[in-house]
Every structure is written in structure tokens, then in C-alpha cells.
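A short write-up of the structure that comes next.
Letters are used for the chains, namely A, B, C, D, E and F, taken in the order the chains are written, and counting of residues starts over at 1 for each.
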Amino acid sequence: MADDKHEKGMALRTQLWGERGAKAGNEFLSGFDPDFGKFLNDELFGGIWSRPGLPLKARSMITMAALIALGRAAELKVHIRGALNLGITQAEIKEIIIHLSQYSGVPTAVEAIRTFSEVTAPKK
Amino acid sequence: MADDKHEKGMALRTQLWGERGAKAGNEFLSGFDPDFGKFLNDELFGGIWSRPGLPLKARSMITMAALIALGRAAELKVHIRGALNLGITQAEIKEIIIHLSQYSGVPTAVEAIRTFSEVTAPKK
Amino acid sequence: MADDKHEKGMALRTQLWGERGAKAGNEFLSGFDPDFGKFLNDELFGGIWSRPGLPLKARSMITMAALIALGRAAELKVHIRGALNLGITQAEIKEIIIHLSQYSGVPTAVEAIRTFSEVTAPKK
Amino acid sequence: MADDKHEKGMALRTQLWGERGAKAGNEFLSGFDPDFGKFLNDELFGGIWSRPGLPLKARSMITMAALIALGRAAELKVHIRGALNLGITQAEIKEIIIHLSQYSGVPTAVEAIRTFSEVTAPKK
Amino acid sequence: MADDKHEKGMALRTQLWGERGAKAGNEFLSGFDPDFGKFLNDELFGGIWSRPGLPLKARSMITMAALIALGRAAELKVHIRGALNLGITQAEIKEIIIHLSQYSGVPTAVEAIRTFSEVTAPKK
Amino acid sequence: MADDKHEKGMALRTQLWGERGAKAGNEFLSGFDPDFGKFLNDELFGGIWSRPGLPLKARSMITMAALIALGRAAELKVHIRGALNLGITQAEIKEIIIHLSQYSGVPTAVEAIRTFSEVTAPKK
């Protein structure tokens, strides 16, 4: 069952960030501490994110909502990328940011607009 | 169009909290300041919540996510009630709380569990 | 000069909360830790609050703004009382709460409305 | 009346950031979402900021207080610029930062000092 | 190994809150969601809290520090009780609260003083 | 006694950041406002940090915990450096970050990992 969680975690992170992104995340976290890297892969992604009670897109949306509300720009960037990979549209992410402006304040929305613009800017 | 927003706001709040709840909210806010009450009804509920780009249930979910993450228990209570009225299930709200434990910390989840339990406790 | 700060701190807290309120605050804090009580009286109130560069009312307003934004209801209650004693009007405090709704989110404003209502409710 | 709010919003933002700054803000927000840009101009600046109950300088001060307390550096920078344009002095902004150190913690003050220094550094 | 984590988690929570407290916590969390209850026991207490790299008392202290800084009163109460059971003295907890006043603001310290006083008040 | 606090503050900051670091901090803060610089040296470092009730290492740990939990990256960097100078090991700081992931959320831990990596990266 532990192995199962590991597989599920890897699969889920690949869905969110592609094979290369999932691997890069792995290396970053395991380079810091292998057990914590394993905890995040197996328990957070293989466990909590993989629970059946809520569709993946809804999980991605509430994750972005929390990150916007708390003003965590770096992690928000990562999760906007993940959301787009899941098929959440740019228009939907905009709605989340605008909606949140009233729940965590306009400054958190403006910060999120900056992050959103960085992620969605056309590559040069 | 301003009138339109007013109607939309009233309709939306009735969907969330029933006729009695919407009226009580109105009285509370307008008792404090009529213009602010009008702003919240017309602009927040009739405007932002009524934008077509995101389904109502998704808006309710990201609202709960922000309130859990920020530890705003009193408003969370109000929005859990609203969510249940929209047809979001207790099981789905549980998933949101559990998911958020990893994004804003276990203590925010435990606080949300207390709030959730108060709302869903069988009436005596 | 240290004594001077002590006197200034006592005087300032008396202005904010009356003689009885200042004494009660003293007892609460010194009952916890006399040196911390002294630090707050001498350095926070006798020092920082007593710096000449900003009028007392402005200091009271920015204190309330921070407490609303951070959702610190118990301390906000204390400082709304202090603000009223300085001659800041109920109408001005309402403006602060409404203004802040856009900077820290509507839920922080709604919480502040509850606190404001408790302080300003007619004594029975 | 809606047009009135639009004019008021434009006028107020011009007071805060000059014609060029107000226009740049407009473009940034409307580039993200025209309706949200309109909401912020008309309702936040033309509505809430333009309410008569609190002088503009007091609104600017409580806005900076909230942004310092919440650690929103990018928006604080924008509002320190606005404050200076309203005639709030550098010395007064320093007092706000120092005062807040006791209400949201010394680290929020130190971050605000960095932001303040960037805004007020002599142009090379 | 999974069973090992379960045992470790139960043992650690018993150290913190006694047999009765650990059981009550279990029932509260498992009543909400058995898998989340298991996650917290096995992964949070049996996993992270049980890592050898930091003494238990240090873990308790940084937990209280985070809860004070974030203003999570209900969870702080639970962890002050746990700290006292580990042999952390009341005087040490006072130092943590006073120290934190400068890092998350005096209001978070005053809130923590209230919580501390409730926990340590002589039973009537 | 005031002089005593000044000496203690200087000594403590020298322990944390070396002679050069303490001086640089002094210049930065006194350049902003000499009295606030004096307050921080004398009252925060010479006063609160120098209270005998808690060992220096424990104070450093709870300071880092608060800064991680509140997401104050710039100040966290400064205090990770201070912690290493006190003899707290890199392994212990890692434990604090991992532990905190459950109390203020995984994103605060990931941000802290980035800060930690910057401080501990081999100088080129």
C-alpha cells in the first residue's frame, strides 16, 4: 500500500507538472531531505490529493485559492502551471483571482495578477 | 444595470442563505452602513459572484478555501451553510478541509473541523 | 529619562482607557510578567506611542487598521474603546472598517463590524 | 451616478499617482480584465476611497498600515508613492512603520523599511 | 513500518496529552474522518514529530511559537498543555510569549497570555 | 542600567552576526531612524533576547519558527545566519522547517527551503 501511494504520488505530480517538472520537484525536495521529499510525494500527492472525494480540478482550484489568499507567490506560480496542465483555463484562473480580491483583499489579487502574467506571458 | 446588479445580488444571496438568511444579512450590514450593505449586495454578490466565468459551486469552494486558510471561523460558518444550500455535500467540504491542512497548516484544518461540526451537528 | 518614559506611558494609557482601564491593563500584564508589563508601558506607550512625529489620533487609526487587517478581535475591541476616548468618532471608525474591507478582505471587515457593534451597543 | 463614480475614481487615482501612474495602473488592470479594472476604479477608488467620512491622508495612512501589517511589499511601494504625492511626509511614513513594528512584528517593519528606502532613494 | 509509525504516533501523543487526552483527540479526528485521523497520528506524530533530529521539547517550543505567531488560540491551548506535560516550565512558556511579541506583534502575545492564563489558572 | 542594555544588545548581536554583521545592521537601522535603531538594540536584543529564562539557541529556534510560519523570507535569511553562528546545526534547521510544514503549511516550508538553500549554498 505504501508503494501504491508512491506510484500514485508520482502519477499525480506528472499530471500536474509533466515528467520533467515532477522529476525536478523530486530532486529539489530530496536534495533538501529525502524523507521529507518522500512524505510530500507519498502522503501529500499520493495520499491527500489522490483521495477520491473531490475532482482534481477542484483540488487545484482550492489550492490556488489558498495560495492567493496567503500571498505565497512562488508556490502559486507552480500551481498555476499545474492548473493549466489539468485543463483549467486561463479565464477560470482569472475568475478565481478576481473573486478572491474580496476575500483576502485587493492586494493579494494584484500580487496574483503579477504571478499569473509571468506564467502566461508568451515565451520569447 | 445598477438595478440589475441589485436584483442579481439579492437572488444570489437567497440561493446561498435562503430568504430569511439573506434578509438577516442585509439588516446586519445595512444597520452598520447602508452604502456598504449596498456595495456588498450589488458589487460583491450581484457583481463578482454573478460573473459567468466560474460555476457557483466552484466560487463557494474557493471562498471556503480562503476562509479556512485565513482562519476566519465566523465567516466560514456562514459559507459552509451557503455551500450546503448550493448542494455541495458534507463529504466534499470535508475533502476541502483535509486538503487545506497541507496548504495553510493542520491547525487551520482543526479549527475548520470545529466550525464544520457546529454547522452539521444535529439540531436538538 | 527612564522615569520620564514611565510617566509618559501611564499618562498615555490613561488618555486611551481612563484611569481604571489603564490600571486594569497594568495588573493583567504585570500579573503575567512585571518586566514585560514595564516594557509595554515604558517602551510601547511611553516610547513609541509618545514620539512626536504623528498625532495620537493618527496612531490610534493605524493601530485599528493593523488589528482589523490581521483579524485580532480582542485587541481591536480594546483599541476601539481607546479611539473613542481620544475623540475619534464612531463614523470615522466605520470608515476605517469599510476602507479596510478592500485591503484585507471583506471577512476582516465583517469581523470588525461585530467587534464595533459590541463596543458601541447601548448598555442595558 | 455610475459615470460620476468613474470620474471620481480617475480623479482620485490621478491625485495619488499622477496622470501617468493612473494610466499605467489602468492599463495593467484592464489588460488583465476590463471589468475588474472598472470595478477597482469605480468602486474602490470612485466609491470607497471617495466617501466623505475620512480625509484622504487618513485613508492613505490606514492603507499603508494594513499593507505593512500584512507584509504586502509590492503594493506598499505603490501606496508609499501615493502617500508622498498626497503630501504625507517621509517623516510621517517612518512613524507609521516604527509604530507598526509593535502591532505586526519587527520583521514587518524591517521589510517596510526596505520598501521605504527603495522609494525614497535619490534617483541616480 | 506503517504499524511502527502508528505505535510511535500513539506513544508520542500519550506523552503530550496523557492517555485520556490522546484518546479524546483520536475520537474527535476519527469522528470527522478516519483516514485523516490516521494521517495525523501516523505521519504527523509518528512521522514528523518522531524524527530523531530535534528533541521533543524543542519541537514543542517551535510549535507553540508558530501557533502564537499565527494567532491560533484553540490549538495553542492544546499545545501549552502538551508542553507542560513534557516538562517545559511555565516560566519558559512565558519567555516564548514575550519573545514572540517582537516577531509577530504585541497583540499576538497578549492573545497568548490570555490562553496561557486559562490553561494555568488554578482549578476551582 | 540603560547603558547596560546597550552593551548587552551589542554583544548579543555580535554573537548572532559577527562584528561586521552587527555593525551593518546598526547602520541600516540607524540610517532609517536612530531612536528606532536604539530601541531594537537596547530593548529587543539587550532586553528581551537577553532575559535569562530561555537559552539563546531556543530563542533563535522560536524566532526562525515564527519567521517560517509568517513567510518572512528576508528576515528568515538573517536569522538562519544567526542560528548557524550560535552553533545550531544545518540538520536542526532542516528539522524546524520540516516540522513547521504541518503547522503553517507546506508552502511556508518550501519557501523556507529556498531561503535555507541560499544561505547554505557553497560560496563560489
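We take it that a contact is a pair of C-beta atoms (placed from the backbone, for glycine too) under 8 Å apart; a residue touches a chain by one contact, two chains touch by 3 or more.
Since this is a predicted model, take the numbers as computed values, not measurements.
Participant: Among D-E, A-F or B-D, find the interface that matches C-F: by residue number, over half of the contact pairs should be common to both.
Facilitator: B-D
Participant: Taking each chain's centre as the mean of its CA atoms, which one is farthest from the centre of chain E?
Facilitator: Of all the other chains, the one whose centre lies farthest from chain E is D.
Participant: Can you give the whole-Å distance between the Cα centres of chain D and chain F?
Facilitator: So the centroids are 31 Å from each other.
Participant: Let me have the rounded angstrom distance from the C-alpha centre of chain A over to the C-alpha centre of chain E, please.
Facilitator: Taking the mean C-alpha position of each chain, the two centres sit 29 Å apart.
Participant: Would you pick out the residues of chain E that each touch at least 2 other chains?
Facilitator: As it turns out, chain E has residues touching two or more other chains at 44, 48, 51, 66-67, 69-71, 94, 98, 101-108.
Participant: Among line, ring, star, complete and other, which one matches the pattern of chain touches?
Facilitator: Shape = complete; every chain linked to every other.
Participant: Which part of chain A faces chain B closely enough to touch in the complex?
Facilitator: So the residues of chain A touching chain B come out as 44, 48-49, 51, 53-54, 58-59, 61-70, 91-92, 94-96, 98-104.
Participant: Taking the complex as given, what residues does chain F use to touch chain A?
Facilitator: Going through chain F, the ones touching chain A are 71, 94, 98, 101, 105-108, 110-111, 113-114, 116-117.
Participant: Which residues, counting only chain D, touch chain B once they are in their complex?
Facilitator: 1-2, 35, 39, 43, 47-48, 51
Participant: Give every residue of chain F touching chain D within the complex, in rising order.
Facilitator: Chain F residues touching chain D: 28-29, 32-33, 36, 40, 44, 66-67, 70-72, 74-75.
Participant: Quick one: in the complex, what on chain D touches chain E?
Facilitator: Against chain E, chain D makes touches at 69, 101-108.
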